[in-house]
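Here it is, the structure, as structure tokens.
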Amino acid sequence: MSQPLAIHPHVLLPSSEPARSVAAELYAEIAGAPIVSPHGHVEAALLAEDAPFADPAALLVTPDHYVTRLLHAHGVALDELRPPAEPRSIWRHLCEHWPLLSGTVVRLWLELVLHDVLGARVAPSAATADVLFDELSERLALPEARPRALYERFGIELLTTTDDPADDLRHHRALAADPDWHGRVIPTFRPDAYLDLSRPDWPAQIEHLAAAADMPIDTYDDFVAALERRRGYFAEHGATSSDHGVQTLATERLDEGAARRIFAAALRSRCDRQEAGAFGAHMLDEMARMSCEDGLVMQLHPGVLRDHHGATLHAHGPNAGADIPLRAEFTSALRPLLERYGTHPSFRMVLFTVDETTFSRELAPLAGFYPSVYLGAPWWFLDSPAGMLRFRRAVTDTVGFHRTAGFVDDARALCSIPARHEVARRVDCAFLAELVCEHRLSLAEAATIARDLAHDLPARVFRLGGG
Amino acid sequence: MSQPLAIHPHVLLPSSEPARSVAAELYAEIAGAPIVSPHGHVEAALLAEDAPFADPAALLVTPDHYVTRLLHAHGVALDELRPPAEPRSIWRHLCEHWPLLSGTVVRLWLELVLHDVLGARVAPSAATADVLFDELSERLALPEARPRALYERFGIELLTTTDDPADDLRHHRALAADPDWHGRVIPTFRPDAYLDLSRPDWPAQIEHLAAAADMPIDTYDDFVAALERRRGYFAEHGATSSDHGVQTLATERLDEGAARRIFAAALRSRCDRQEAGAFGAHMLDEMARMSCEDGLVMQLHPGVLRDHHGATLHAHGPNAGADIPLRAEFTSALRPLLERYGTHPSFRMVLFTVDETTFSRELAPLAGFYPSVYLGAPWWFLDSPAGMLRFRRAVTDTVGFHRTAGFVDDARALCSIPARHEVARRVDCAFLAELVCEHRLSLAEAATIARDLAHDLPARVFRLGGG
Amino acid sequence: MSQPLAIHPHVLLPSSEPARSVAAELYAEIAGAPIVSPHGHVEAALLAEDAPFADPAALLVTPDHYVTRLLHAHGVALDELRPPAEPRSIWRHLCEHWPLLSGTVVRLWLELVLHDVLGARVAPSAATADVLFDELSERLALPEARPRALYERFGIELLTTTDDPADDLRHHRALAADPDWHGRVIPTFRPDAYLDLSRPDWPAQIEHLAAAADMPIDTYDDFVAALERRRGYFAEHGATSSDHGVQTLATERLDEGAARRIFAAALRSRCDRQEAGAFGAHMLDEMARMSCEDGLVMQLHPGVLRDHHGATLHAHGPNAGADIPLRAEFTSALRPLLERYGTHPSFRMVLFTVDETTFSRELAPLAGFYPSVYLGAPWWFLDSPAGMLRFRRAVTDTVGFHRTAGFVDDARALCSIPARHEVARRVDCAFLAELVCEHRLSLAEAATIARDLAHDLPARVFRLGGG
């Protein structure tokens, strides 16, 4: 027996009156606001090439580690969730495990995508897997399911990709040059791989960077110059931000001599863990210095132990769903950097965390003093209805709404972008409705803030112009 | 003037409609579900001997460190709460301090026991202490207040004890052999005292273990063999799990040579703190290895500083209510063990914590990738209505319900078992009702999940059969 | 267009029935309870001199780092918020940024002060800044806006200041000797600057202390004697508590020889960081020892990195809004002290934190065992509606209400005292109403507890007499 798939118009809104009606009123006004997505992992090639999606498994399962990790936890080997496994078989794993995903945000996103984007009206289950696979496959072949058509339909105003500094941004250029393309897709400068001397592939990375910057990199000074050049190149192609992920945050500047010496030694042979750490901390300071000069907003998201399970890394590569958060610390770790740039008029940084203990203890107090510091949206495992509510509850009393960057989706799949924004908008309206009903905000103020969070703040904080 | 003691039928359910009605409907369906208790501290002897409880103080105060610690905090010396103090005087301390226990889960459990199990209808107070003492003493002398009668009345399907590996399990055997006994009481293998070389009594413990295993323990290899033998003995007597408490979690494997050397040195003289720590970390790995082979589910609960107050330990021994939680860390500490066994098809571990910061940061992400990892119920200080709600709110968006082990009571007293299950069932129904009213779950799904949490999940996760 | 400024009678109460009505009923009974303020930063001179407040900026902006830090975060330089900037210009900064403070507790406090204390009926904005400035300036010149008149009007029963041990308490004495003064203002002994040997000004501090104690301080024993003498002086002038802020908590006692040696070395030349840390830990133990003897309640609030931004410290001094919290740890750090004094019949300590992760993990368990340990109110960044609710939700199941010290305001400005108490009373009533509506407390019990939290507990815990 198949169950219908339906989305209630009040999903995620408070269950009791009067908060429900207030939230519904607030949400109605912003539900259709254009989407600004200043941080994400959709590839520019997807829109440049505009090829149809192959099948439901290739669209919704295989590339999304949020989904595959949960199926893996429920006993499905990762091998069974990627080619050469049959798409229909991959899809069936998802459908069979559907009841076990109850309560997760992953299921909620999938429901929104299936219902609102793909028009499904039957809930996934062992019984409906094949019918759904056929139905969705047909729909994916239609012109309106192609990436550019979806971009339009989703009301996306701007989409940001995340890119290697050595990337030639050819797909971004192709889009910019395409007279049939009316959207806006900009890159983000993500130099992690170049700043971590302890990576076995670091020397090879430096060669890529030298080639991309079209200059030799024989010294630390060359290295800095090459990074500056590539930041300039990204900015010319529309980038407004850089993005930095580190396992453990540190931002202590080395003196130039030490930086030169460590870099030179690393070029000759792999350097030790401690020197690599010190150099990484130094380079975050350098990135902030460059931000002051070129205006790229510095995004920082520390505290994830990547590839927790070696056998999975070996068999499936990184981003296979085995990254696990660690405790984070910002107050001491960011201090050296903020001592130098925290009140610089053109410096700006957006902080993300997967350790929610820092929300009230460190992040809100930092953003409540430093004009350069903005709080990013709840990230990764916290990008969920309950995580977002806890974020707002933890930081708002201390810093309000306007020291946060509004909603930032970090989506990996084009189709999940509207779903993630819908969830965030609903949850923010639910939170605002609470404040209205507790008489801390007027309805008019709440309506303005709802729009700020959904659209204006990300546009303004990420310097996207026209916001 | 005495106050009535009453339990409202909607206690702990959400206060507003429509969530209250939904929660009440969900709870009505599972209120009478049989109790499965896969982890607890009631002794098998209690049921084997089936002697009547002596008096209300001996039943509800003296043996329960949750109660005595609070009275101690309010100024009652621990000496006044145990023999040779008079039972009536002990009981009076509880009644006189009753108003100061307002809002605590301890008072809620006691209310449920007094009202539902013992039939009291007057609230404890200085004025009612003596009357209640007499009334309850009378009731405890009745046949229906004996342990076996209570076991039946509570609807317990299975009760698990926690036992020393050298225990001969005579009471478990007596129960199994008793034709008049129709319940099920199984042991748990709890080897902490044998794995911690730094304990002054460790050499004596090893002698007990050797005697129990009926083999000499002269070497590390003997030690491992003896543990394996005792695990086998426990499994033969129905055990399905082992249980491990450590102050600081670490799981790094030593090479066999180092393990042998440290063990040999410790047998000759007490070993240093660092080597004892390394050996403990190694032995957790060994326990996981054995779990893969014998199928005992590995329970782990780190992060408690035992016996915080030396004078109390000296005068009253361990478990006197002076254990205080510490920060816990799982992501890095469990990695070596999970690298080895995390995807082993027969390995299974259940993680408990008293540091709720790990719920969303570490535990949910781990259980959302590793098929072997399940989340235990909120433990100890977190085993309370607000703690349970925070647990569900912190982990459900990330891992749903079916990577948790459902409710596990950890009760120290037979009478508190139904109270603890009632609290958990009500709180889980309250949480599920929220999701239903926010349109994230259908009522039918929520009803299934409520039953899973109350009964089916613990039965399945702890491999109890027939669940 | 100007917006009205209004305070809804149900502000901060639960939005849904039946909890709203219950909370309103509870709040109505305690709204007018006298204010006991056992910890704060208003100066005794303010009341001794009773001079009128100069202007709205001098009253509400310049001296309040909660306000200036937020304006700084929104881009206003601190220089523009203090003389020689014009008061009217300072005030305009606040009014222009009013919409950006939406949702913060700072705005809520200001609204309560503006509306209830100063009679404003128009919301601050760029358009209303000048009118409000003139209107408020006029009102501040009236006799009823003088400090003593406000003290009366606010219903303050007792006000506590925070004072340097070398302070001669002349203003406290002046008030005590003033036949026209009927209030009660008592000092608090705050010796941080004398216990931290690493401070550059420590030798100068010791000279002040020697002068105040009227004895030479040449040795550690002199130092201890001088501190004891000053504590006695404070106690004679009404003090009932000492107050201790440290960055990282440690309480390990040195042997007397080591303490003497480190002190002597520090008198000759500045001592190293590690010895200073050890000496600070030792002196906290000494303070606890003295507390056992003289009965001063020991307040402890660790975990803040002061003056995070050096340039701000250099230009504006300490307490400029750039203090940022750090992770805190109590379980291990307090153990040595509690081993010695934790069950001493006259020892009492009140613990504050800005790291809310310690609420359920460490603070509630400690206060649920040690009769000397009380939990202070949510402090600083946590002294807000959401912070208070999280505090009660985190600790109540474990320790109830009566191991907490009730509400303690820590206010920096006389006018904000009633606002802070009103917020706390409303939030506590909201929390109690939840428990009533979930049938965990009767309405009568909740009413008693509401009064305990608002008045009786602070009076009793801080040994203020007559509570």
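Residue numbering begins at 1 within each chain, and the chains themselves are lettered A, B and C in the order written.
Just so we're on the same page, a contact is a pair of C-beta atoms (placed from the backbone, for glycine too) under 8 Å apart; a residue touches a chain by one contact, two chains touch by 3 or more.
The shown structure was predicted, so the numbers you read here are calculated from the model rather than taken from an experiment.
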Equivalent interface positions on chain A and chain B, same or different at half: different
Degree value of the rotation bringing chain B onto chain C, based on Cα positions, nearest 5: 120
Distance from the mean Cα position of chain B to that of chain A, given in whole angstrom: 40
Chain C: positions in contact with at least two other chains: 16, 357
Interface residues, chain B side, partner chain A - complex: 16-19, 329, 331-332, 335, 338-339, 342-343, 357, 360-362, 364-371, 373, 393-394, 396-403, 434-435, 437-442, 445, 448-449
In the complex with chain B, residue positions of chain A that touch it: 3, 7-8, 10-16, 69-70, 72-75, 99-105, 107-108, 305, 308-312, 321-327, 354-357, 381-382, 384-387, 390
